[in-house]
Structure formats: structure tokens, C-alpha cells
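Here the structure is laid out as C-alpha cells; the discussion comes afterwards.
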């Protein structure tokens, strides 16, 4: 579904991504791990169109994404969350979800009149579903900035899902979470997979990555050093060296 | 052929005089740029404080029959103080990220200063003394106004001293540190409010010098020059690149020269339209100015 | 009576001016170009009624469209400059427009009399209302009909998805584009809408004051335009209205007896207001308090 072909991204002399090749299949939960500075966030930004790659191409369902601005990529079905939560702080929870409601197909079946006056029943129902999904039903009218950290993370996830993506990029969603929250996140991600959404999970928190993903790619210094299922990756020496500086056999 | 040569001489003369006068714009531009560099904000009251200083200097000369150089010095010092006051009243207590409120507050400050001047002088323009008014040299077909040379000279000296302070003293280093990373600077023990208030004071000093020099070059002091001076200063700052001192210097001289050229070619009514058009042309080709400083604040 | 009607008219026009900046400020674009669009609206409408003898409604609407179109054109280059460079660019734009009209001379002789904009002498004799027998009360109602319509439209925007989208763009452009919002469309639309509203209010203004002078269209007007929504708070239409009433009513007219001191007081009040209430008089906090008080 998503093909990353020999992507390089240079920032002046720094090679954040260096000839990276990746393929994510439809319906997968694909993990990307690697030490800090290995290029994980840069990769998300390239996929989303925030950075233009120095070399290489990204294709989505066979179509190249190059030249497409970020909002257009969203329309083709690619959504993301941010490492440092980027909610709209002075908008309410409802409004945060509202602005993301972007699926035009459903709306076209309803009268424009209703839609313009903010009374679209379909939209209302979908936002309510998102609120339920993120356990924020009672908080709809509160400002996003007044939410607790965990609630903010759930809202950001819901906001991305509200755009009805086919591919969802999660940028370190478990950062700062406790064990219960991680378990909760794990089940949310699985339920999203059941809805047919392909997920790329960039993460440091190993228990989440190893537990929920189907395949994992490991990055170091902008290149892929390993790829496989969670068991294979855990045993991989190159991975151990990258993270720990040594492998089990040393 | 004679007419053509005459035109060339006249135009060169005009541009030359304009560039000399442009040193005052350069100073104002540096002032705006310093404040923008330090806080990322515009101080709309800046030119007001500059002219207010010139008025106080003038008042001193009227009551005390002081030597002209003292008038200039008093103007500069008063503007320095006003810069400090503007910081304390319009910038210090407003949250750092809130650019709107600081802008509005400084606009309020501008209104205040403007009205006080209008009240105090009943709105009538007053004569401002100049040094070397009578000095006039001729080099071939070109005339060199002594007072303009003096203005330029003062501008040059001020800039050199400023650069020395900024790059060779601890105070200057603190100012630059705050400009680049204010949170990190605080963590290193730099008192941000003290540094910023000093930045504003230094900018005020430059503004006061510029205000006095402008008044000296034109010969007249009036509150109506505050707004055009503000706008030209802003244009110079933007053309030079927000946050760049060399940019402000070059842009100031550039605008000064061009402005005089437009005056010669199209007259006083249309002159400022062309200066504005100049800004637009720059924004089309170089929206970040001549020297864009990427101060990455997040 | 006439004095109060005049004041009410001024409040109406300045409210529209404030609302034209309101939408732009919500998207995070600090634009002082409103004075320029206002001027375009004023001169266009006046020229149409005075020189071309148009009826007032089409004249004002045409002025609105022209200003809106100009704003649309301005909207695109405005995207390329951020933050304070935009402030300076829009100041420069407004000044350019003002100087343009300062130099505009278009005299026409009718019934033995010379009319039309007279360059540096200004544009006098915009007598549509008096020539057509409008009473002062009728003028006020006419003007305020437009004000109410504009307020209604902006209020609707605030409470619909459009308003949320505008503010999302103002809060975080990166996040906004990541949820599918087309930044260019939104920002240019806001600029265009602002131009429409400013042009409309300018067209009405010209006929209310009956003579135009370039001094009315300086950067000062542009600062008033953004002062109202900033002081009134960017989350509520009525905040802007209250700010206008407060500033125009109390300070400009009501404190006339203070003479020249009122501008000093005005400046002082702005400085104090910004220090104590940097999010505007009607920020969410204050509105929350007001809501609670009303409930009690």
C-alpha cells in the first residue's frame, strides 16, 4: 500500500534519511523503531509532505505522493498524530474533532442547508462516535488545553481517525504513558486495525511495539538495518548493537 | 548633451544626499531590528520615543541656551530612558507568546507620546538646530552639505559603537544569547528582563540619535513626522531582513537614496508611494529581506 | 438627537471595520490592510453615486465587490510573508492606497458645479442622502441593517465549522494542514471576506460623512480596525461591538470635554488593558464569568 523507495533526506550535511526502502502492506500494523536520531520522525514528515525528500519517492496505492501538499495527502487517506501533541488548544474537544471531519462522500448525501448551519446529523453522529471511542463524551465542550495528558493523547488519536484515513501514522503515541494507558492504547490500535485502517507505529516503548505490530523495521542513522516480525527483531544482533552498543553474543 | 549631463549630475547629487540622510533611517531600522531580534516583537512606539527625545533636547536648548551638541546628547539620553519605559509598560508584563497584545500596547504608547507632544507644542512645528549648517563644499559640479556629512558621521560612529558593544562586551553577548534562545539564556543565569530592558534602552539611544539627526537635517521638528518615520523605519527593517543589523544599515541607506531620487523625479506627493512600491518589489523577490536571519523560535 | 444618531452610525461603521479584521485575526494573519480596503470602498461608492449618479445600494455593493476582489489579490502574496513582515507589508499597502487617493483627481461638471475627488483637496459633496431626501433616522436604519447582516454572518461563522476551521488555522497551521485543511484556501478566503466587509463599511462611511479626506484613512484607522477585535476578544462577535462602543462612545465622543487629553487617556487605557487583559476584554475567562453571573 505504501512504498518508500530509496528515500534520502539531507539537512545540509546531516543525512537524516539515507536511501531508505520500505513497504507497508494493507491492513498491517507496521512498527518502526530505532535509536534517537535514526530518522523516524523525519520519515513521518516525508510521508506526510512536510519535508520534501532529497532523493527517492513515496507511493501510496501505486500513485506517487511527490508534489502533493500535506492537506491533499490527508485527502488521499493518510493521517498522523504528533510526537508533541498538536491539538488546537483554544478550541473545544468537539471543535477539534469537527475541523477534522473531512470525509466528503457521506456529507454529499445530506442536504447542504443542514450542513452549512452546523446541524448535519451525520457529522454529529460521527463526532459522537469519536468521542465514545476516546472516552471523552463528557468533555465535548471543554477546551482541549484543559484536558489531562492522557485525554489529550486520546483526543489527538481520535482527531486523526475522524478523517477516515486508510493509513494512520502514529508518532510515539505511548511516550509518557503508564502501563494501563499503554494497554489501553494497544487495544485501541487493534480495534482500528479491525476497522480496516493500516497503521504505521513509530515508537520507543518496546512492550507496545513488540505486542501489537505484525512487522517491524529498524532504523539507524537514516537507513534500515533490519526488518522482520517482532520475534526476529528481538533476536537480531544488528538491532541489539544499534540500541545497546553490543549484542548478546559479545 | 549638456542637459543630459546636468540631469546625471543632479540625479547623482540627489541620490548622494539621500544616502547620507538614509543613515538616520538605518539607525531607526537597527533599533526596530534589535527589538525584533530580542523579543520577536515590533515596538510601534519606537519612532515616537525617538522624536520625543528630540523635543526634550530642543526644550533644553530653549531654556538653557545650551550648545547644540548638548541638545543632541540630551535628545539621545531622553530617548534611551523612554525606550526603557516603553519596555516596562508595553512589553515586560505581557506573555512572551502574545504578539498582538504587545503590538497594541506599543500602539497605545505611540498614541500617548504623539498626543503629549501635540499638546505640549500646540501642534505647531518648531525649528531644530543643526551643526555645520553653513558648511558646504563643492567638488566639481557636486555640492556636499556639511550638515548631512555630520549626520552620516554620527550614524556611522553610533553603529560602530553598537557593534562593538554587541560583539565585544558581555552585555552584548547576553543580548545576543537572549535573541537566539531566550529560555536557554535564562537557564544560564541571564536575567531576561534586565537584558531586554537594556536592549530597549540601547535601541532608544539609537532612536534618539536618529530623531535628533533627522530633525537637524530637515531643520524642523513636528509630531507629524512620527508616523512616516515609523513606516519608513519598518520598511527599512523589512527590506534589510528582520533581525539583521547589516541588513538594516544597507536598507536604510538604500531607501534614503531611492526616496530622494523619487522626490526628484516625481515630487513630494508621489514620493512615498514609490518607497512603498519598492518594499513590495523586495517582498516579491526576497520576502525575508536582504539578509534573512533564521532565528528559530518555537 | 442628531448627535446621538451620528454616534450610532460611527459605532456601526467601526463595528463592521472591526469585524473585517476579526476574521483575519482568527486565522493568525495580523493585517493592517483593512484601512486600505475601507478607503477603496469609500472612494468607489462615492464616485459611483456622485459622478455616475448611481443609486446607493448598487454603489455600495459594487464598492464591496471591488474591495473584496482587491483583498483576494492581496491574499496570495500575503501568504508568503509571515508574522511581523505581514504587518509591515499591510501597513505599506494601506499607505499606498491612501496616497493613491490623495493624488486622485477626477473632476466632473454637473449643473454648473464641479464635483468629484479633487486630489489633495479631498472629496467633498457626497450628498446622496441629502439630495434624495433621506432623514437622519432613515440613514441610521439603512446603515445598521448592513451592520446587523454582517454581524449575523460573522456570528454564524463563529458557531459553524467555518469558524472552528479559521481558528484552527490561527492556532496551529501544521496541525491544521495535517487534518486536511487547505491553508491557502482558508487564509485567502479570510482576507477576501475581510476585504468585502471593509469595503462595504467604507462605502457606507463615505455617504455618512459626506466628504472624504485622506487623513481618515491612515495607519491609525488600520490600528483601530485590529484594536477592536483584539480588545474585544477573538472568540465573540459581541466583544468587538462592545469594544467599539466603549472606544468610540466613551472615549472619542463622551470624553470630548476632556479635550485633547482624551487621546492621552485613550493611549493609556490601551496600554493598561493589554497589560491586564492580554487576551482581550472578552476572553474565554471573562465570558465564563459573565455566563455564570447571568445564570445566577
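So that you can tell them apart, the chains are marked A, B and C in the order they are listed, and the count of residues begins at 1 in each.
The rule we apply is simple: a residue touches a chain if its C-beta (ideal position, glycine included) is under 8 Å from a C-beta of that chain, and two chains touch if they have at least 3 such contacts.
Worth saying up front: this structure is predicted, and the values here are computed from it rather than measured.
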item: Centre-most chain, if every chain is reduced to its averaged C-alpha atoms; value: C
item: Chain located farthest away, centre of subunit A as origin (C-alpha); value: B
item: Subunit B and subunit C: spacing of chain centres that average the CA atoms, whole Å; value: 30
item: Whole-Å separation of chain centres (CA-atom averages), subunit A against subunit B; value: 49
item: Where subunit A and subunit C are represented by their mean Cα positions, the distance between them in whole Å; value: 43
item: Residues of subunit C defined as touching subunit A within the complex; value: 156, 159-161, 164-165, 167-168, 171-172, 174-183, 235, 284
item: Contact footprint of subunit C on subunit A as seen in their complex; value: 48, 50, 69-72, 74-75, 79-80, 82, 86-91, 95-96, 98-102, 116-118, 123, 143, 159-160, 163
item: Subunit C-facing residues of subunit B, complex; value: 36, 40-42, 89-90, 93-95, 98-105, 107-116, 118-119, 227, 231, 234-235, 237-238, 242, 269-270, 272-273, 276-277, 279-280, 283-284, 287-289
item: Contacting residues of subunit C [partner subunit B, same complex]; value: 25, 30, 77, 80-81, 83-85, 87-89, 91-93, 95-96, 99-100, 102-103, 120, 218-220, 223, 226-227, 230-231, 260-261, 263-264, 266-271, 273-275, 278-279
